[in-house]
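Scrolling down, you'll hit the structures one after another.
There are two complexes below, and they share subunit A, which is joined by subunit B in the first and by subunit C in the second.
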Partner chain A sequence: MLKEKLNALLRIDRRWIFLGLTVVLFGAIMRPLGLINKEISKDTRNAYDFMEKLPAGSFVILSLDYDPSTAPELNPQAVAVARHAFRKNLRVGVVTYAAGATGLIEQLFAVVPAEFKKEYGRDYIIFPYQPSAVAALTQMASDLYGIYDKDKDGKDAKSMPVMLGVKNYKNISLVVCIAGTQMPTYWVQYAGDKYGVPVMAGVTAISQPGYGPYLQKKQLKGLLGGMKGAAEYEHLIDTPGKGTSGIDALSLAHVMVVGLIIVSNIAMVILKYL
Partner chain B sequence: MKLIKKQIPLAIVLVFGTLTLLTYFVPHKRSVNFLETMNKWENIVAAFAFFLGLINLFYSHYTKISRKADGWGYSIFVYIGFLAIAIPAYVSHGKNMDGSVLTWMGWAFKYIYNPLSATMFAVLAFYIVSTAYKSFRIRSLQAFVLFAAAMFLILGNVPLGQMIWDKLFGWTSYAISDIVDWIMHVPAIAGKRGIMIGIAIGVVVTALKIIFGIERQYLGKD
Partner chain C sequence: MSDTFLIAGAWISAGLTIFLFSFLYKDNPFFKVAEHLYLGAGMGWWAQVYLYGVLRPKVWAPLMNHDWMVLVPTFLGLSLITQFIPGISWISRYGFTFLMGYGAGLELPTKLATDFVNQIGGTIQPFVNVAGMSSFALFNAVVIAGGVICVLIYFFFSVEHKGAVKKASNVGIYFLMIYFGASFGNTVMARFSLLYGRFDTLYTFSASKYLYATQFILAGLAVYFIVHALMNRGKKEIEPAQ
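Showing the complex of A and B:
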């Protein structure tokens, strides 16, 4: 009898699991538990500290290379980093090498700069999408305007006040690459290692472990990992956003996975000795 | 014919591959100018590659529809999806926003592309959870090590997991974040670094083989 029940439990229709996860996620989103992320990871702290120490007026590149598929994890990171940059009165240049990111960037920068009364062309600039990242990154080493002579609307970039004194990597204080692709690796290889530009990154939780070697050798100054990284950064800048509100759903889904794995393995062990 | 199909492409790859490689080590003005020209060419060629990919995509789905192959109905949505984004993009001159107002393209991006793309990715979470339940069986020592590492990372990455750890194992002197840090910074990095070095050596060897004409698959069959 018990054996049959355990076998049935192990062979449960996967749609029940889908339903369970739906209920868990829906519940957490509709009625957040308000769980507080007590521990700030070292990599997020390093990222925050590095930007915090930049003098006002420094030129920072935001390379936003994610499309809507990874936006729930990465957009809160981008919002938090942009808020921090504007709060520190840094000048921001936005680039992208992901075609699907252009719409997200425009939506983000239609909202965030206004919170800090920042003006397009004076405090920040959005460059157009470029299909070849390696070509753009190599070109920026000698003359940024060789590839970014115009902004996203086709206006002359060089004459904008935000670009004053910016010609190549020597004039760029930091690159923050938030990406669902391999772009942080390209920034490290083509800008960080070769020209000494400080690089930090924001990536999805699943790709976070892959950047460990770059962090260990300080090739990346800091790293935000997934929604947790976004929530941590929001905590550090003291502005809760979608990272903080999404962490409840993430918590419950993670614990559900752990619970399911434990239950299935206990059932398997019992079956073995029955 | 052999000259056009084989020898000229091989000569182009040899000359430009070698010169581009040298620019990395030669910080001369002429070297920089050459690299800048190559960058512009690369960007233009990459843009044409998109166009070529689009034609290929349309052609393969057209073939599927005309032959009524399995799942041919889905192929129609390739054209519908393309038009749903391409027409608004053309009408809006490629702009997502007009001031603070969404253009047609912005609307299509926000209300068509955005939710569809996010949904596709979100579905993965459901399959991961059900697969974890149905397939993750600890039948060997290796599987147990994988399980233990996964448990620590999962619990350490979310506040609820940290709370559970503190309740159950708070009496030990180890915080879950210490264990996660050790896993991420010792065994994970060791494994990842080995993979990265292996890939890098492979890339160098493959690049040299292509430059010197030993690897010729990119030229096609004839």
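Showing the complex of A and C:
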């Protein structure tokens, strides 16, 4: 009798699991539990500390290379990092090598700079999408304006106050690459290791373990991994956002998956050995 | 942006998301519409990216400024297309030769420095200062160096894996399994994050401001499935592949 029920449990229509997951995630969105993300990873802390120590007025490159397919994980990271940069009165230059990022960048910079009364052209600049990342990164080593002579609207970039004293990598204090692609590796290769530009990254949770060696060797100054990384950074800058609100849903969904794994394994053991 | 556009955008966004998710229940025409629309819109979008993001600023604009040097990379790029025309496909070799030479020249030195020499250095470096290391740092360094060596031995096929080599190789497998486990765990978290992102959008569009787009579309789809089930009662359906 018990074995029949357990067999039925193991053959459960997977659509019930989808439904369960939907209820759990929607429940967390509709009625947030406020689970606090107290654990701050060392890599996120290092990223925060590095930016925190930069003097006001330093020029920072934000390389936002993600499209809508990875935006739920990476957009909260980008928002948190941009907020931190503006709060620290850093000058921000935004570049992208992912065509799908252009709309997301417009959305982000239509909101975040206004929170800190930052002005386009004086405090930040958005450069146009470039199709060949490696060519652009190589060119920026000698003359940034060789590839970015104009901003996204076709205006002369060099004459804008935000670009004062910025010519090449020597004048860039930090590169923050938030990407769902291989871009952080390119930044480490072509700017970090070759020209000594400090690089930190924000990546999807899937690709996070692959960047471990770069952290060990300090080729990356810090790393934000997935939505958890965003939540940690939001906690550090004391501005909760989409990352923090997503932690509720993620935690509950993980509890559900772990529960299903435990139950099905117990059922398997009973069926096999008892 | 006017309210009408916002509401229309919300209905399209919520509708396409729900239509695509509906495949999890069963195949249906709404899913097919969303799928084909996604492919078509994607192709169109990429076409305009290449046209306005690449061809116009990188080829057309320099030519209009009489920068004739741009013709060289343009012809090299166009030569790649000739591979589809059997009679003159040999011309594509010039483009490919350039790509291979350029790519290898740029990639090899940096890749070797970043991913090979630097990583070997990073594995050995901690042992330079063993006396000044804490016991935890020393343990960490030993685990990393031991892991690197064991995994390399696992992928070293020029000697037979027996005796000490086999033992080291087996330890290498455990290191790989730990990496794959961490990677898979992170993959699950990433997928849930994406799902959360879509659900969060659906929740946003369920507000009165968007004329309850999510609720109406979900209800409409539920009615379709009920009517479809009633009309096909008794008929045998082909089960989707599990």
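The rule is short, and it goes like this: the second predicted complex is superposed on the first by the 273 of 274 C-alpha atoms of A that agree within 3 Å, B and C clash if a C-alpha of one lies under 4 Å from a C-alpha of the other, contacts with A are read in each partner's own complex, and residues count from 1 in each chain.
The definition used in the following text is that a contact is a pair of C-beta atoms (placed from the backbone, for glycine too) under 8 Å apart; a residue touches a chain by one contact, two chains touch by 3 or more.
Treat the numbers as computed from the prediction; the structure is a model and nothing was measured.
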item	value
Side-by-side fit of subunit B and subunit C on subunit A, or clash	clash
First (subunit B), second (subunit C), both or neither touched by A:M30	second
Contacts of A:N7 with subunit B and subunit C, given as first, second, both or neither	neither
Per-residue touch tally on subunit A - higher for subunit B or for subunit C	B
Partner chain(s) touched by A:G246 [first = subunit B, second = subunit C, both, neither]	second
Touched partner set for A:Q219, first subunit B, second subunit C, both or neither	second
Partner chain(s) touched by A:V257 [first = subunit B, second = subunit C, both, neither]	both
Partner chain in contact with A:T138 - subunit B first, subunit C second, else both or neither	both
Colliding region between subunit C and subunit B, picked from 76-84, 130-138 or 166-174 after the shared-chain fit	76-84
Interface residues of subunit A shared between complexes with subunit B and subunit C	14, 18, 21, 69-72, 131, 134, 138, 205, 209-210, 213, 216, 226, 228, 250, 253-254, 257
Residue ranges of subunit C touching subunit A (in the complex, touch as defined)	24-25, 46, 49, 53-54, 57-58, 106-107, 110-111, 113-115, 118-119, 121-122, 144, 179, 182-183, 186-190, 192-200, 203, 242
Residues of subunit A defined as touching subunit C within the complex	14-15, 18, 21-22, 25-26, 29-30, 69-73, 99, 128-129, 131, 134, 138, 185, 188-190, 193-194, 204-206, 208-210, 213, 216-217, 219, 225-228, 242, 245-246, 249-250, 253-254, 257
Partner subunit A, residues of subunit B touching it in the complex	32, 35-36, 38-40, 42-43, 45-47, 49-50, 95-97, 100, 105-106, 109-110, 113-118, 120-122, 125-126, 128-130, 132-134, 136-138, 147, 150-151, 154-155, 157-164, 175, 177, 181, 184-185, 188-189, 192-193, 196
Of all residues in subunit A, those that touch subunit B in their complex	10, 12, 14, 17-18, 21, 33, 35-39, 41-42, 67-72, 100, 102-104, 106-107, 110, 130-132, 134-136, 138-139, 142-143, 146-147, 153, 205, 209-210, 212-213, 216, 226, 228, 247, 250-258, 260-261, 263-265, 268
